[in-house]
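Letters A, B and C mark the chains as written, and numbering starts fresh at 1 in each.
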């Protein structure tokens, strides 16, 4: 295709992405490199329904002068990336010097918000993604062997976990797993421990979030794989059958290789989405036990005073994290691409 | 076809059917539970005393006289005018799906037909774009949108949702178009068509299956979105999901929680119809391509 | 369509003349604020005004959009409804205007204690007050033969007796959900121990001290009598526990007491025995371990003078004495003239009379609040010591304050 034709075909989508993703990305990156101006304080008398009090406030005139001089704020370079809320470079170095074993070092490092969030985020991603792919594949194979009249209904019900919005879905589940809800009581009965509470222990909260994660995203893998199964090359399968391949061998040597590109696709999307895990943490009120990078952004933006630069720096780190995690897949795609051209 | 029924031994068959049955229970149980509970009062469905109340409706009987009450639905649809949110959702979904498929097909098609290196880098950029946490993007939109008076209206939200969803759409459609043999449009071009004519006359007729599947995912995104719609829409333009969330709010007033439950159930109904209607296309869509390896 | 508009406008003006305080405005009014019932009442009141367009966007996300929504020129929102914690975000960004002229012209009905003055300028008009205080079950305390606790130490004793007698397993309730709620409880308790958050006149934090440790240890002791899920319980969940009869003692918002005394969602027995008392002290201190709050409205800076005037008039109309009736009076402790305190208001009044402290209106208090909410959960779960948790909080605050330019 000629460059010019390509340009016109690609223009609308490129414009949409440039305006609403690339430009904001540039502003996010810029924001993360600046801090606010030095705030000039003055002590004033504040009065209200409960009497008067001397309190510190910002001297708007003095600060406005600083602000007009440099509207972007103060250049900070990588300072925000290195501070305690992000990579905590100095703190990690201090922890390294002061701890005599790896265990002590790790426990100190996991005390910093970025690393504790990273620990959960990575665990979540590496547990949920493969489980979701396996479950999705198994459901797809199972559904594929059903009678065709049943399929439509089964597909609808299988899609439900993905359809019901995470925010509301987790609200209802949150109640079901309460120690007095149906699932919570069921689990107590199962383990014969009337004091068991899923929400009170870190380990159980992690498991609960991951089970939710698999439950919520398995339908996506299922739909993609199920569709892939419809295109199995009949002839390869038949010749395998003639050669006396067992059912397992057919799956192993015909079906799975056929679905492999799909697995890459699903893995790519799932890893990315799981790395940005956020809604279940809010929905399950789980931030005491588990935080993620996206949750940190949410927390920075959600306070009385919004920390825009901190949130921007975490966003950039998230993007870098995704890029690193996906790089093996990308390198492979690059190689495939070069072979083709 | 394929692995299915032909010679499946009974044991395997029972195993496979019961596996699907277990999955269905897992997938549908919370929803069925919600459907049942939406006809109860809050104290039954969210019982702090005994979860069996949600089944028997003990408090519902005490308060309303019968074990089932439609108060949640009445409150949501009549009192709180949930139908307005439903209309807004319909508008948002329709335009998001149409726009994102239109520009996505053009872009995806171009990516699949151009052999130059930059297509790889464009796909890569799209992937990176998709990695940006939505929260950060949305908070970046607020100030310019307020300044240019674009905040709060449906078109802004529609365009933002389209843009945010473009990377996924492009990847999916790109791999789909790659499965459509290049000879088709090449030969059309040899016959004197321009690239666009080739696309219109040759490719469009065979692309529907993949497009419909991609459309399903765009639809679900627009339908379910909370992060964008809750921040960018004014109260009177709210779609269903932020509306449901507003029933909950920071201070839950009595009864409102059940409005939310009833609306969750209501919001799922159109999807049921949609899936039943499109199920063959969804399957055949992916079949014909998107992801055919 | 046009006819219909004219017709409704006519109907409105008729209604307005019928009620004795008419509200005619000439300009655009657009309000952003939180969504609890008292604010809904104010929003509705403003929308009675005729002559201009009055819009109200009352949503739980108001804090995320109010600053951006007032930064444009002209600002989308002409008024933001805020509290003493959230006015600082608007002050910091300099998006609200002094109201002195408007007060002089249209604010004759305002009581002096409604006006929030900062550095001598009226920046907001308060219409309701709030505070956390004790809520207790009369029947349960009678059963163990104890007076309502005046201090947290007495509350612990009472909780122990209730538990030992087997009346309730987790007799204490509290909004200890990680995040804003947990930070708020620490703020209360730290004030109760006479702690100071910052070195005077600076943004330098100092909470890692005896008061801070004592406050955390008290919170830990209380949590032993709470439902083990306490770190997920916000004030909604805590109220629900109360209504289910699982809790006998809790520190709760005054604005939440009204709904606790309705039988819907509860039983007659619990409702009849729900009683309130003033906030408790702790550690032998004089200052009650609570904070006083007000909610009020502001007017945006970046709007035309006409719109600002219209907004001021509409908001004044919204908080005029006749909005108070049987339905609205129990919604809040109103600061409006003619408000007759309901029974549910006694706790907040007691808090104010006993010299409780308002929640600090400092530019950097919000950053400390966020840091507390995120860092104290580890201590409450027993994962780290009180000193460590406080040191972490200070470090998190310092990083945030540097980013915002409060510290260098």
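Basically, a contact is a pair of C-beta atoms (placed from the backbone, for glycine too) under 8 Å apart; a residue touches a chain by one contact, two chains touch by 3 or more.
These figures come from a predicted structure and were not determined experimentally.
Taking A-C and A-B together, the chain pair joined by more C-beta contacts is A-B.
Of all chains shown, the one whose average CA position lies nearest the global CA mean is A. Here the spacing of chain B and chain C, counted between their Cα centres, is 37 Å.
Distance from the chain A centre to the chain C centre is 33 Å, each centre being the mean of its Cα atoms.
Centre-to-centre, using mean CA coordinates, chain A is 18 Å away from chain B. For chain A, residues that reach two or more other chains under the stated contact definition are 301, 306.
Counting partner chains per residue, chain C has residues 64 touching two or more of them. In chain B, the residues that touch at least two other chains are 46-49, 139, 245.
On the side of chain C, the complex with chain B involves touching residues 34-37, 55-61, 64-65, 68-69, 71-73, 75-76, 235-236, 240-241, 243-246, 255-256, 259, 262, 264-266.
On chain B, the positions that touch chain C within their shared complex are 41-43, 46-49, 63, 139, 142-143, 146-147, 149, 151-152, 230-231, 234-236, 245-246, 249-255. Remark: chain A residues 35-39, 41-50, 53, 55-58, 60, 64, 73-74, 76, 80, 83-85, 91, 111, 113, 178-179, 195, 197, 199-200, 202, 284-289, 291, 299-307, 309-310 touch chain C in the complex. Across the interface of their complex, chain A is touched by residues 63-64, 67, 84-86, 88-89, 91-92, 94, 113-120, 126, 129, 177-179, 198, 201-203, 228-229, 231-232, 234, 292, 294, 335, 352, 356, 358, 360-367, 369-370, 373-374, 377-378, 380-381, 384, 388, 392, 395-396, 398-400, 402-406, 408 of chain C.
The part of chain A that touches chain B in the complex is made up of residues 1-3, 5-6, 9-10, 12-14, 16-17, 19-22, 24-25, 27-28, 31, 135, 138-139, 141-146, 151-152, 154-169, 171-173, 175-176, 180-182, 185, 215, 219, 223-224, 226-232, 234, 237, 247, 250-251, 255, 258-262, 265, 268-269, 272, 275-276, 278-279, 293-294, 297-298, 301, 306, 308, 311-312, 314-315, 318-319, 322-323, 326, 330, 333-334, 337, 340-341.
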